[in-house]
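Note that the chains take the letters A, B, C and D in the order they are written out, and that residue 1 is the start of every chain.
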Amino acid sequence: MTGPARITYREAVKQSIREALQADARVFLMGEDVGKYGGCFAVSKGLLDEFGEERIRDTPLSESTFVGAGIGAALAGMRPIVEVMTVNFSLLALDQIVNTAATLCHMSGGQFPVPVVIRMATGAGRQLAAQHSHSLEAWYAHVPGLRVVEPATIDDARGMLRAALACPDPVIIFEPISLYNLEGELTEAAAQVRLDGARVHRVGHDVTLVTYGASLWRCTAAADVLAADGIDAEIVDLRSLRPLDDATILASVRKTRRAVIVDEGWRSGSLAAEIGLRIVEQGFYDLDAPVARVCAEEVPIPYPKHLEDAALPAPERIVAAVRRLFSDAQ
Amino acid sequence: MNREELARRILELVTEIAPDVDAATVIPGIDFRDQFDFDSMDTLNFAIALHRELGVEVPEADYAKLASLDKCVGYLSPRLN
Amino acid sequence: MLSEFRLPALGADMDDGTILEWHIVPGASVKRGDVVAVVETDKGAIDVEIFMDGIVREIVVAPGTRIPVGTVVALIETEDAAAAPVATLAGESGGEGLTPAAAPAPAEEGRREGGSTAAPSDRLKISPAARRRARALDVDVAALHGTGPGGAITVEDVEQARAAPKPSPTPPPPPPPAGAGEGGGMRDAIAAAMSRSKREIPHYYLSTTVDVTATTEWLTAHNAAVPVTQRLLFAALLVKSIALACRELPGFSGFHREGRYEDSPAVHVGVAVALRGGGLVAPAIMDTADKPLTTLMDDFRALVTRARAGRLRASELAAPTIILTSLGEASVDAVFPIIQPPQVAIVGAGAIAERPWVVDGKVVPRQLLTLSLGADHRVTDGRLGAQFLARIAARLLEPASL
Amino acid sequence: MSGVPASITRERGLHLLHEMLRIRQFEDRCAELYGAGHIRGFLHLCDGEEAIAVGAMQVLGSGDAVVSTYREHGHALARGIAMGPLMAELFGKRTGCSGGRGGSMHIFDAATRFYGGNGIVGGGLPLAVGLALAEKLHGSRNLAACFFGEGAAAEGEFHESMNLAALWKLPVLFLCENNLYAMGTALARSESQTDIQAKAAAYGVRATAVDGMDVFAVEAAVRGAADHARAGRGPALLELRTYRLRAHSMFDAQLYRDKAEVEEWRKRGPLTTLTTALKAAGLMTEEDFQRLLRMANEEVKAAVQLATDAEWEPVADLARHVYAEGVSS
């Protein structure tokens, strides 16, 4: 691990894949356009030349089968990294993920754990319109048997794959499309990244912003605006969407006594809904204002930029939500 | 900027710093400190506001010359025109 | 041996059935696997097999009657026990005995989709945290004015009702309560806190006079050299000095609660701010010791501005681990302040004034400042208090290093 | 069946018959136990398809992987899963081969590489492709045998799996049990191309049709396909034509077929076919048949007793194995 260098999120993910391929012969990458094309988001560019066709496998457009095949190969001792181009296409593989990957170990009385890693790009922000802009983490985080993580920082993007491959259970890694170009410092911490546990991204005292993925950076923008207004926001980056790190969330909410959950999913049945209720269940007597949520508008994400921006949980909406927790007069 | 306009701008700045002061009740001849507890922090904020709004840099030594509305107008008008 | 032939469970979701026709009559012989009847179910007519060999003794249930799964429908004379049918689960036999009690339909709340607060009720609106804090501070919430969303009473409201004590024993003549804006509520809160402090905390007092001439000269030179927005007040130097002294000497920055003292790892120095309408608050400059003077000054200015606009956070009010109260402006030589529980110390600063002072055997005019300390004798004693004041003074005399 | 192949000895013939009898008697008892409430949920019996399970399993080695469907009792028994744990699983007992958690459609056994039934039609196909991929990457000669019904041929996963297995030349045996009815729908009413073999040609996959009622024919066809796959020449598909003598599942009024058709196929059932041929070839007598039948019934009786006496899993273990326990990766 070299000293702190500035790299992109995309580069961090690629380094993690290369390191995994070098470190373990059982590892191979499989997915649409991961080889010749170098990855739909150029994450695996160059890996085909370096590791060859046997370990960088372009697949036909058969999500259900190549995800099922990844599960099968994992059952038989391999450590596949299956790339489903985006969560939007994973809907075709939901049956394999939910009915096989997530269920096998329990249903077989512990005989068949499924050590497969499935990476999916997620989220909106590139005007790709409704079918290519989904944020469905809540669906996967709903299923016992899956571990679901979403790295939002360079260190996590660099370190989470290693932790996922070391895990005997199926791990879904969501990579926000809008973060691939994020640039930041890669530090030593990347080597010790854990798969679970949330992290306090910004220490604050007046309100807790609970978030994950691309929304982390919407929260930091909102926090700067709030700071000028004397409201010192603490930001909790969930990192793991299943299991959720209740302890870290509640510790923060008990300190600030106000919670706003920022989630790019649609409000109904969202992760924000789950987290909000956990806060009320465990932190009711610490709350000084109702738990608030800032989610995507409940519409298919529209194509035009101004509408897409209006649909997504923008910093201005986060600031407004926080202010409403202090007083109507504000 | 004539004297009335200057006095109005100054009062605006004073009430911005001390929101609980009613501009109409300020007596031009009496020091701010005596009318409504205008302390050293308020004076510093006032100096900063003058620099920001009117572009005048008031040295600490001249703070005494800003003690009341009349003194302010007298001190500032030659420096502005 | 006489065996019972019961209506078998023919599907996961089949609770009962109706026999359409029998293929057997009393006296007929049957063997394992024979289809002996046809039963009408939701899915249609289904052949029913028998799993024993024997002679039909009696048809118990005639065609046409709807019967639950497991009902005895015929009696069969079987030769030997070997072929006895598997005992059906008594009582359960397919259809679960336990028909789920008709759970009362959950009352459909009249909630608006997406509405976040329930319909406004006339009950007192107070947050759970505020209710708990009010109990802890024995504050009667009924009298409070809520500043939270929808006028709800928040912890901040409760705590401001128990705001920081009036620092000096001889407060300036309080403005007539009637005229004061929020003086009334805050006045009671201050009174309550002060009497509790006097009752519970064994104060000891120390004071020292410091020649700050060099420091004031440094400050004047510094302010002349920097743009107006970066000018410093003397109080800022004092706050930093106190914070650094706290960092060096434990026992002054912390809390005494439930009978024991906890030193606070973080040092947040509260600064007493007099509100024009009367009353007083002491919000904290967070992590005071770690902040460079310019940042500290910016925080200080922001705090005072927001304090005067009534927009302080409860966290800022609850955060101080020690308080500075400075009455330099009111030309009082020395201040002997009262500690704000659960803190354990408070520093007072009088006016900086030119007075005679002996330097190298000669009496000369110098800029002098009287610093005082009120401290909790349960936690520290005079010797340590003296060292603490000395540390503050020493820091104050090296402004460049603050 | 044209007759007993010359290579078949008396002992071999009796072994095959006994394997099939074990399945038939097991399924028969299951029907009864379901009626009595001991077996719940869904239950799909394979009466009539025994020759496919027994014939195929003679060819598969312990290193090969097996993927089945929800009509899996015959595959499980022929693969070597003991009757006791299998019945205990149908009872939902803790000592069942899946810990009692799977039931009839979800039989699992790591020892015999039996990767389960599957409640989702076509759900096992991609799994088998993956298992074969791993064997190829390991460089072993093992293969993955995947049973599925002709109904699955309508699922996207069938076409995707055939293509991927052929594209990557993976050692998969696609064993299609064509029993003419996908649940309640006759093949002709669901498939534009009812000849399953012809579908395989679209992906360049070697395919042959086999009389699923003839255990010798099944064994020979599976052996040929297995040799093809083990030699690295890619997957093979076998369309094993058969007929299920019982309903699709326990709650099926069988409105889609008439009784005469069932009786016609019953005469051509695998057990009748084999018994007639062995007797004609002088390799077996009626006493042999009765002895094998008694052995099978004894085994079933013991299995039912074991399942009846077995314990339930404590509710406290409900969440165990949601995630892997004590497994280093």
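Criterion: a residue touches a chain if its C-beta (ideal position, glycine included) is under 8 Å from a C-beta of that chain, and two chains touch if they have at least 3 such contacts.
If you're wondering where the values come from, they're calculated on a predicted model, not measured in any experiment.
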Chain pair bearing the highest count of C-beta contacts: A-D
What whole-number Å value describes the gap between the mean CA coordinates of chain A and chain D? 41
Nearest whole angstrom, what separates the Cα centre of chain A from the Cα centre of chain C? 28
How many Å are there between the centre of chain B and the centre of chain D, using C-alpha atoms for each centre? 95
For chain A versus chain B, what separation do you get between their C-alpha means, in angstrom? 55
Chain-level touch network, classified as line, ring, star, complete or other: other
Contacting chain pairs, sorted by label, are A-C, A-D, B-C, C-D
Taking the touch rule as given, give the residues of chain A at its contact with chain D in the complex, in rising order. 28, 54, 57, 59-60, 62, 64-80, 92, 95-96, 99-100, 104-113, 115, 144-145, 147, 165-169
Contacting residues of chain B [partner chain C, same complex]: 17-21, 33, 36-37, 39-41, 44-45, 47-48, 51, 57-60
Which positions of chain D touch chain A when the two form their complex? 65, 96-102, 106, 108-110, 115-116, 118-120, 123, 125-135, 137-138, 144, 156-157, 160-161, 163-164, 167-168, 319-325, 327-329
Chain C to chain D touching residues, read off their complex: 6, 8-14, 33, 41, 43-46, 49, 51, 69-70, 85-89, 92-94
Using the touch rule from the top, collect the residues of chain C that touch chain A in their complex. 114, 116-117, 127-132, 147-152, 154-156, 286, 302, 306, 311, 313-316, 319
